[in-house]
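Here come two complexes built around chain A, the first alongside chain B, the second alongside chain C.
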Partner chain A sequence: MARSWNPHAMQPHGPARTRTAPPQVPDRFWSAPRMRRYLLFDATGLVYLLIGFVILRAVWALGDGGEAWARVLRDYRNPLYLLFHAVTLLSVIYVGVRFFGLFPKAQPPRIGPVKPPPRPVLHALLYAAWGVVTLGLLLVLGGVIA
Partner chain B sequence: MKTLLLKLEPVVWLLFGMGIMLGTILLPGWLLVMGLGAPLGLVPESAVAFDRMHALAANPLGRLVLLGLIALPLWKGAHHLRSLSVDGGGHARDGLVGGVLYALALAGSVLGILAVARL
Partner chain C sequence: MSELPKKTFVITRFDPDKDQVPKTQTYEIECRPDWKVLDAINFIKDEVDPTLSHRWSCRMAVCGSCGMNVNGEPKLTCKTSLAEYGDVVEIEPLANFPIVRDLVVDFESFMEKFRSVKPWIIRAKEKAPEEGTCSQSPEELEAFRHFSMCINCMLCYAACPVVANAPEFLGPAAIALGHRYNLDSRDEGAAERNEIFRGEGTIFECSYANECSEVCPKNVDPAAAINQAKLLAVLDWAKGLVLPRKGGS
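This part shows the complex of A and B:
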């Protein structure tokens, strides 16, 4: 059994020469493994939304002074915060691996006169940027680089 | 609301795209040090002491990175949660859900600008 779906999805701009069926989604569309991976990708949105506010609180505390900052550091030792940060890290890695795999395939053949680099090169560049920025933040925030 | 969301779609997509790309690139470093390393004692306390962190955060590059760490994940999160709501059959409530989620992301982004401005 299928239910009707977004009535505007895939709608032609004008009358088509051939009749088309309205878009429908199967009731158990989520049971397909690829759809579950896609839904999990969407669901990471909750973690991203929460981490944005968690970091906002930390930066706000930095503006409030040493006591507020110490309170944030103390709260971060709470097991719930630790669990949340671990889940967030896993979510970010999942999003990165999936998105950086999709990104090269979504590029147009050329942008004006410029052709994008071959897909494997683009893929490697994304991972290089991810690695360099992560390493840089680790060294700076971790106190290795003053 | 749906009409307004359709008009805002290019801006929302730009922020969502930046969130998924730059937010994902920036977040692991913060999470590994501030979220896990420091609380578990793997990072020296002096590294995350107030004076050092404030000095790092208050320089222009520090403010920019922190604003990116706050605002970009919010837009990625808001747009993907809206998408998840539609996938769950919530087309009829899409205007309300999208409006609330983008309002949250906007409020967080404005507060993020204020937070880095007052450092």
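This part shows the complex of A and C:
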């Protein structure tokens, strides 16, 4: 005999829910090369925190007179400081390159009536601006521009 | 006839009636060289262990049902060739979702997030039929077309480090969908959605890891959508400071 038709067969179940296991957090995310690059990007935050303290110390020394400032400059010749500044420079370049790569696609197709330039152009403009600002700073620091 | 190469599959198992925590079970099977990962799982289900539970449907990367973590990376298993992997393949349910059974996860939380971004066209006033259709130029369509290609496979949620840390984060697919409607020339609900986007646990939680876009099998690029939405939501907020809202107080 055929089973009788159940008019409630397709209705959702009551409030009882199946017990579930808690979500599994990815435990091997660091093994993917692109995730390591992201973690490296995140780790540069620590470098900026430290360089912040270095800058604070320099500003503090400026207020303490010529002798304190000369001591700061002397310390900057220490190989550890030189290494730290090199790491900071690399961090800034790395973050800049990553940002320049991701920035173009973060632009909406239009903002009101204004359309952003094509992505390759935007990408090139960022590098051009970076180059101009870096050159300007080098000229100021080199004493060419007063 | 030459023997087919064998692969070992380490598959997560979880029975809510018996297990307290998920465990793994190992299967060694002969695999044809043209198999996708889903073919191997289906073979195990059909020929080796019928108690294994997994979701799948279309087998052509359209339905978005068969997302799983394969060797730790979220993959659409019907689109992922087994040849990409070595002798041992670890298959787990999608990360960051509660596990219902074996490889089946609970999407309930996503469905709530999905609804919260109002993924439909909002019109201030519906057009009367005699006024004609809401036509759209190819250029207007192109503005959002690729964001509408999402198949809700949830790979982006499994890959997102922000979702892993903060499960309440609205997440890539839902934000991309909301942004898709904000870019639609027929829609007039951007202000409502931007209000949602400016709330807690939404677009500004995103740290632009870009993982969602890396794993997306349909090249939707949710990371782009989220970061475009950030700019538009801020501009909308700034506009609201100087201009009166339409129909608002």
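Rule of thumb we're sticking to: the second predicted complex is superposed on the first by the 121 of 146 C-alpha atoms of A that agree within 3 Å, B and C clash if a C-alpha of one lies under 4 Å from a C-alpha of the other, contacts with A are read in each partner's own complex, and residues count from 1 in each chain.
Just so we're on the same page, a residue touches a chain if its C-beta (ideal position, glycine included) is under 8 Å from a C-beta of that chain, and two chains touch if they have at least 3 such contacts.
The shown structure was predicted, so the numbers you read here are calculated from the model rather than taken from an experiment.
Asks: Please indicate which partner A:23 is in contact with in the superposed arrangement: first for chain B, second for chain C, both, or neither.
Replies: In the superposition, A:23 touches chain C alone.
Asks: Of chain B and chain C, which one touches more residues of chain A?
Replies: Here the partner covering more residues of chain A is B.
Asks: Is A:86 in contact with chain B, with chain C, with both, or with neither (first, second, both, neither)?
Replies: The first partner, chain B, only.
Asks: Touch check for A:31: first (chain B), second (chain C), both, or neither?
Replies: So A:31 only meets chain C here.
Asks: One more residue to check, A:105. First (chain B), second (chain C), both or neither?
Replies: second
Asks: State which residues of chain A lie in both footprints, the one left by chain B and the one left by chain C.
Replies: Of chain A, residues 42 contact chain B in one complex and chain C in the other.
Asks: Once bound in the complex, which stretches of chain B touch chain A?
Replies: Residues 19-21, 23-40, 43-44, 46-48, 50-54, 56-57, 65-66, 69-74, 76-81, 83-84, 86-87, 89, 91, 101, 104-105, 108, 111-112, 115-116, 118-119 of chain B touch chain A in their complex.
Asks: Give the list of chain A residues in touch with chain C in this complex.
Replies: 18-29, 31-32, 34-35, 38, 42, 102, 105-111
Asks: Which residues of chain C touch chain A in the complex?
Replies: Against chain A, the touching part of chain C is residues 12, 14, 16, 19, 21-22, 69, 72-73, 92-93, 95-101, 106, 142-144, 158-159, 161, 164, 167, 183, 207-211, 214, 221, 223-224, 227-228, 230-232, 235.
Asks: Which residues of chain A touch chain B in the complex?
Replies: 3, 5-6, 30, 39, 41-53, 55-56, 58-60, 62-63, 65-66, 69-70, 73, 76-77, 81-82, 84-86, 88-89, 92-93, 95-96, 99, 103, 129-130, 133-138, 140-143
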